[in-house]
Amino acid sequence: MAELSGAPREACGIFAVWNHPEPVGLVLRGLYALQHRGQESAGVAVRTPAGELAVERGMGLVGEALPPERLARLRALAPDAALGHVRYSTSGASRLENAQPFLVRLHQGASALAHNGELVNAGRLRRALERRGSIFRSESDSEVIAHLVAARPEPDLGAAFLEALHMLQGAFALALLGPSALWAVRDPYGIRPLTLGRLGPAVVVASESCALDAVGAEPLGEVRPGEAVEIGPGGLRRLRYARPQEGDREALCLFELIYLARPDTLLAGGDVHSFRKRSGRLLAREAPAAADVVVGVPDSSLSAASGYAEALGLPYEMGLVRNRYVGRTFIEPEEAGRDDRVRLKLNAVRPVVAGRRVALVDDSLVRGTTARQIVDLLRAAGAAEVHLRIASPPFRFPCRYGIDASKRGELFAAGRTREAMRAELGVESLAFLSLEGLLEAAGESASRAGAGGSRRFCTACFRGDYPVPLLDDEEAAEPGSALPLPPLRLEEVS
Amino acid sequence: MAELSGAPREACGIFAVWNHPEPVGLVLRGLYALQHRGQESAGVAVRTPAGELAVERGMGLVGEALPPERLARLRALAPDAALGHVRYSTSGASRLENAQPFLVRLHQGASALAHNGELVNAGRLRRALERRGSIFRSESDSEVIAHLVAARPEPDLGAAFLEALHMLQGAFALALLGPSALWAVRDPYGIRPLTLGRLGPAVVVASESCALDAVGAEPLGEVRPGEAVEIGPGGLRRLRYARPQEGDREALCLFELIYLARPDTLLAGGDVHSFRKRSGRLLAREAPAAADVVVGVPDSSLSAASGYAEALGLPYEMGLVRNRYVGRTFIEPEEAGRDDRVRLKLNAVRPVVAGRRVALVDDSLVRGTTARQIVDLLRAAGAAEVHLRIASPPFRFPCRYGIDASKRGELFAAGRTREAMRAELGVESLAFLSLEGLLEAAGESASRAGAGGSRRFCTACFRGDYPVPLLDDEEAAEPGSALPLPPLRLEEVS
Amino acid sequence: MAELSGAPREACGIFAVWNHPEPVGLVLRGLYALQHRGQESAGVAVRTPAGELAVERGMGLVGEALPPERLARLRALAPDAALGHVRYSTSGASRLENAQPFLVRLHQGASALAHNGELVNAGRLRRALERRGSIFRSESDSEVIAHLVAARPEPDLGAAFLEALHMLQGAFALALLGPSALWAVRDPYGIRPLTLGRLGPAVVVASESCALDAVGAEPLGEVRPGEAVEIGPGGLRRLRYARPQEGDREALCLFELIYLARPDTLLAGGDVHSFRKRSGRLLAREAPAAADVVVGVPDSSLSAASGYAEALGLPYEMGLVRNRYVGRTFIEPEEAGRDDRVRLKLNAVRPVVAGRRVALVDDSLVRGTTARQIVDLLRAAGAAEVHLRIASPPFRFPCRYGIDASKRGELFAAGRTREAMRAELGVESLAFLSLEGLLEAAGESASRAGAGGSRRFCTACFRGDYPVPLLDDEEAAEPGSALPLPPLRLEEVS
Amino acid sequence: MAELSGAPREACGIFAVWNHPEPVGLVLRGLYALQHRGQESAGVAVRTPAGELAVERGMGLVGEALPPERLARLRALAPDAALGHVRYSTSGASRLENAQPFLVRLHQGASALAHNGELVNAGRLRRALERRGSIFRSESDSEVIAHLVAARPEPDLGAAFLEALHMLQGAFALALLGPSALWAVRDPYGIRPLTLGRLGPAVVVASESCALDAVGAEPLGEVRPGEAVEIGPGGLRRLRYARPQEGDREALCLFELIYLARPDTLLAGGDVHSFRKRSGRLLAREAPAAADVVVGVPDSSLSAASGYAEALGLPYEMGLVRNRYVGRTFIEPEEAGRDDRVRLKLNAVRPVVAGRRVALVDDSLVRGTTARQIVDLLRAAGAAEVHLRIASPPFRFPCRYGIDASKRGELFAAGRTREAMRAELGVESLAFLSLEGLLEAAGESASRAGAGGSRRFCTACFRGDYPVPLLDDEEAAEPGSALPLPPLRLEEVS
């Protein structure tokens, strides 16, 4: 799943800091380090020592969304805490209203919310809240959470927030900045990552550890699945909000390792580059190719490709060069068809591939369209043979927890045999890393994982074993009565 | 109260049209005609035949706030109804969030709201709604009204809106555009104006009749105090929502006539220019000046000044010239003090005033600062004497219904004798039109008005006889129990 | 010629100041006061005590073209002199390249040029310069002048500038800001105005005296026709650059008085408002109307209308109200035809005109389109009769010196009898002020003017007696040999 | 010389197309492919079949500088040829005026010019032209060339252009688009690259072959040193404009291979990636390191690093991860010192380097600051030893032909021994590739190069043997008389 293929992911990034004299600059650095997780919009909320909150948000990359004048407005408030967010949208709703953090004035106090992940019961919660009189202004899950908190009778923000968490189902890594504390929360399965750090007396929260490095913070370890960490004047308080029966299994998204996270991020006990290189080595063991040269699809597959090459003793070459400047701002020349886009982003190096047997390594295969175009590119540059190696298993089941490949029909591997895929892609051979190999690269041996699948990772996209039931699917859509919400005890307005 | 004096008013403008093939262009024309009522922001909401709503809003004049690309987005929806608004802000909260129309998705359907006036119980309503779980995003009264509707259990938008109206107290002219109808409402006292028109099969709603003229619509008369007009597929339905005991008196704001409305608008039975000219004639009868020349403060006082001149047989001259281009966008040169601003906006014509006795006519006297500067300007240009004539009575009591002169301490006439004012302004003589004279110019003879004041106009700023009690004043601020809200019967979320 | 009719004029405005600690703010004020002379673009050039120059220019009104950040860049240079310009374009070439001041680095030093007027030999000069190797970047006359200076061999900027002036033919009021002096120049006929003032030790140059008032400067009188005023460290030096035989007659543009200049500007010995009021009185004497009410076309005709009303003892009423906000930024609703535009800008006040005989006073009649629409407006509002009175003679010959009505075919009065015009405009009667009356209003009695026309004003648009031959007309276009340029003695590059 | 070190280069990119129905889209694609050569500004000029030219330019990346509305304006002209440019500035003069193509209206016709390189006699030419009357508006060499053409008496654009080329000294790859032809030119030494391609009937000119690939054009080979290629209706005409004695040696800039060009570009007979990998292999042969792991500085050094690793049989790892989003738009947090910047752009992967001996490969060493910071980063991540290997010789002499490292004092290797450098950088060992090794990697064996240096490449920055004398240096600055300009025979303006 080279990131060439358009918009394959909903992977927001969160970065927050508590108790620091210049939290805006720190969050800005953190967001730059997490920019790969979202390029659609960015925002920063701040808290002042007096307990006031303010937010600035904008569309585009961090540098566009948060120009100096916006940051100056926040700095002018002399804040001591800040919460930032970068967003990647799945749907067409690429609008400023959906940008985060989401700042709201609740009866419990002002709050800024930032969310990474996808709730499976967001639609149900929203409909129930609207019937009560809640007015929504965005389509974001964050606003659903905010309204849940507002609808709680508890006058204390923290208490109301913890109560509201019980109603959430799905994947979420959350941060909430209030007048007197910062909270960091992960869902009971730990599907999306969230990590803690320390920078002198300041506490830092980040989606990935690479952002801790960017600000020079010392790692304090991950927020644990089902945990809510309250960071306030009294320091750090770790609370287990989720019911024990839910926590008996963890389910970190494997695509964070395969594709989403930055190579220098530490996840699941090691750095992501080394995981990917191991996956390439294991792929070489499982499916060696009779090739003259190994080429990776830049950038996310380069680690796996070099592992593959080293394991087989083959030369690892830059046979594909990526244009780093064709990104979000690219203006499609009118005459260029969509199929032609890959040529704008990638170029094959003719002298490297011409007349040679090429082992092409990609990290994953989702819709198949980009892979086919890359193969064409190599053929046009004279490659004698192309052996496609995918450093993950076939992606067969749609993800409901934030990876944007949601409709089963779009998944190339769903309903196709390996031979059918090979033929359609026009390659001499095609092989995938096995799930066992993938889990081994991730440090979970087959025996530990157990016959029923992994006990540490979500494998739903490969096996269909969804850890959280899918409530909001159209087929499952069902009105209020079955909604697993505790009754709300609201004060009546008298 | 020459409009030079900064920001003396909260006078929004509303324009709506129902059942027209190009409602966006029509509303645009209407808003241009109402631009004098608000230059801070502008917006247009549309309804499609399928019952969908959309809105575009922006800061600044209509032309800046609604550039072609925004209008094109609305037109692309092929709407058949639209609602526009121009806003003037009283407080510093000059932010896009406060721009109107305010578009919300309620459980009763999507709605766009536009409001002119000021609620006296907005603060109380807001606090009560927040305790129930409502999340506010702006400081506008419109949003309070929207949340009241959302909190009503009635599933029908019109029914819920009419219920919500009962909770509003203060000055309001409202328009609400929903999926299947447009409503136009005035408060029980009719403090702010709102008028109806017909353009072929289309129905038009406008704050002032000059906007009906701008689109070529035929007048259908005013929305009556305490009336809600529903305009829908079935035509026009006029409902009396207010309790009869409230409606036994009308109280149109006299400042609409004196200063706010455009000279060509028809109000209270005649055109505003002719009212102003009459007020000048009556002022001449009450307080003739021994002058060589009559000069008006441009632009709002020119009608009164020419009436004053004609009644006394004096020459009416352009002794003050206004720079039409010093407006909202003016960038204050750093060295210019505030007192110096008037020179940027006005210039005295030396040959007209030098060596002459000048009768200077202004429509009103609010803070006194501008008047003093204008007098200085005339003196510097050589005027031998200045006789100041104000075409309205002394403004002594703060307005709570939308005229931004809210703090009593700022009112020049409050606590000063006429002689003290004359001396401070540095003029040879000073006279005000009497309240009786003003009401006579407005067509209400003293006998009709009665000893207790006018039965048709609000005279609170001159006499302190507020028609609606002032609930939100700090001294009166008082929590929920006394709140005159009917109990809300909400469905519980089960 | 109500300014409603689109873009009837090329009337730039110039404002400069020498030897002032905050010249940027001063020029800004001056440009605001001259904004009526040009709304297409604005710019300010500054000079530092070290002799360095810089410029900022932008499109739109002064406030748009020169936002605070641009002014801050200029102020940061700590200048002590500045030159500003507002521009109105005749052709479609509404581009930033044509905005002024025009800043160039010549071998004689850096120079900023600002120009008001129109050269009749600009095309010839341009072609000759291009053949020599000059590269033009704009279509402005200012650049022609700059290249003429650059092509002079004199190493001194002032000397080269004075030599270059001899080659210019046509209407020009010029200001040139150089490293060590400021120059102000008028053409030998004085077609366009330019005036001097003093503000403490600073010297001020402005197109109209109203701009001197705006900064509190004391008038020093006009730059005389054929005069170049050098303002430098040594004070003010007045030079007569033009050959005497050219200066034997003055020819100030009468449209400056009739329409262009602000009412408070002093021109030709008096203020413009009083001139216009006099023209209305003389029009009443020449062509009284049997009317019930006198109405002027706002804003430029109001003075003439009130003079007309007073002379006849008729009531002067605001029968037409102008929308002050429909200006440059107006977005034409798509359904609105051009003929419909006037309704957006003007509205007739029905109660004022209905059933009455209206004397409608306009300052001039150029293309006739607006007048016809205004008449329709009055008719639609119920006027019983309309008697049109024009406070100037028929405009029959195109202006070549800066008034944009350049093609004879567009002139309504060219080739039409008065009766034909009356019938086409659909009025009960039509009358023009005579040229004698106009000159009398301007203070030049018939006896002084002489049989051959005026000795003080340009009357070419009324009589066709052009004071400067028209060189650049297509029919007259003729290559280099006849060009009245002195041979250029250029150093050869060796 | 990792591109982290700020702004180390002046490497513009040129892309042009002649005879194509949609040249704008094609040029846009070409510029995206050349974006690495310049991110400061971008522009496109077009020619219509009628011989008219127009240009659009803007600041920033291609996508920012050329938004859809600008491209639409060009497309609306239905052009059949276009010329594009991306610019990187050396000096602080990052202004729109300096953006290219530079469009001028000459007496020979309209022309658009785009330039890559640096003239050594630009200052002299400019001063001589100014004395003749030329007015400059930018600081770009392109404008000097334009004025030279304008000052030529030849009425034919091509003839005048060829004459003007004789006066240019230094490095230049030029394209000129005129009303009837496109010219592509390289300087007599071929210091900057320029290549030709064919796309059906269209001819394409590009700075690098990767841009030909991006549009699917077939390579036609390079424009040869001292050659001017005229592309017009009659096809392609290759002219040798330079005197033979100048052409007896070629001098392609070696930094194009080492660092500037994209890895997939073909230069000097092969692809750049393969050259870099060879240089890494040769570096391994000359200076093997006793290391556990090889790490390259991303991105430009990765090819050399993998060659180094393969040659020594060491693992090649991603020990440094680059943040792809920290680029031009990065807003420096205020508290971040300059030394801290590298941490925002690079992060060391702790598990990869901790406790290990790291061979760090960089392509070049210019100022030394970035290298020192990267070494610190590796140390902080726990590297046991760092052995720095530079895949080029010490950079000792300032470049005068477009590589922005112009002052000798800034060059780290100038005046320092290898041991001194090693100690300052704080590494266990330091080695450079020899010039012989570098030339061998570039395909020129020592025997072919000769004792006096290379016959194909410019080695001035390594050896000080400048192929073109340095005329504009301060010490050499010298007025007109010595200027090697032929006398200009200009028509006098009569």
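Points worth noting:
Labels for the chains are A, B, C and D, by order of writing; each one numbers its residues from 1.
Criterion: contacts are C-beta pairs under 8 Å (C-beta built on N, C-alpha and C of every residue); 3 or more make two chains touch, one makes a residue touch a chain.
Here the structure is a predicted model, which is why all the values come from computation and not from measurement.
Think of each touching pair as a link: the shortest run of links from chain A to chain C has 2 of them.
Each chain gets a centre from the mean of its Cα atoms; the one farthest from the centre of chain A is C. Averaging C-alpha coordinates per chain places the centre of chain C 51 Å away from that of chain D.
Centre-to-centre separation between chain B and chain C, using Cα means, comes to 38 Å. For the pair chain B and chain D, the distance between C-alpha centroids works out to 63 Å. A ring topology is adopted by the chain contact network, closed into one cycle in which each chain touches exactly two others. Against chain D, the residues of chain C that register as touching in their complex are 104-107, 128-137, 146-147, 150-152, 480-481, 483, 485, 487-488, 490-494. The touching residues of chain B, counted against chain C in their complex, run 22, 24-26, 28-29, 32-33, 35-36, 39, 61-64, 66-68, 71, 75, 210, 213-214, 216, 262-264, 266, 270-271, 273-274, 277, 299, 302-303, 306, 310, 315-318, 321, 323-327, 329-331, 333-336, 343-344, 347-352.
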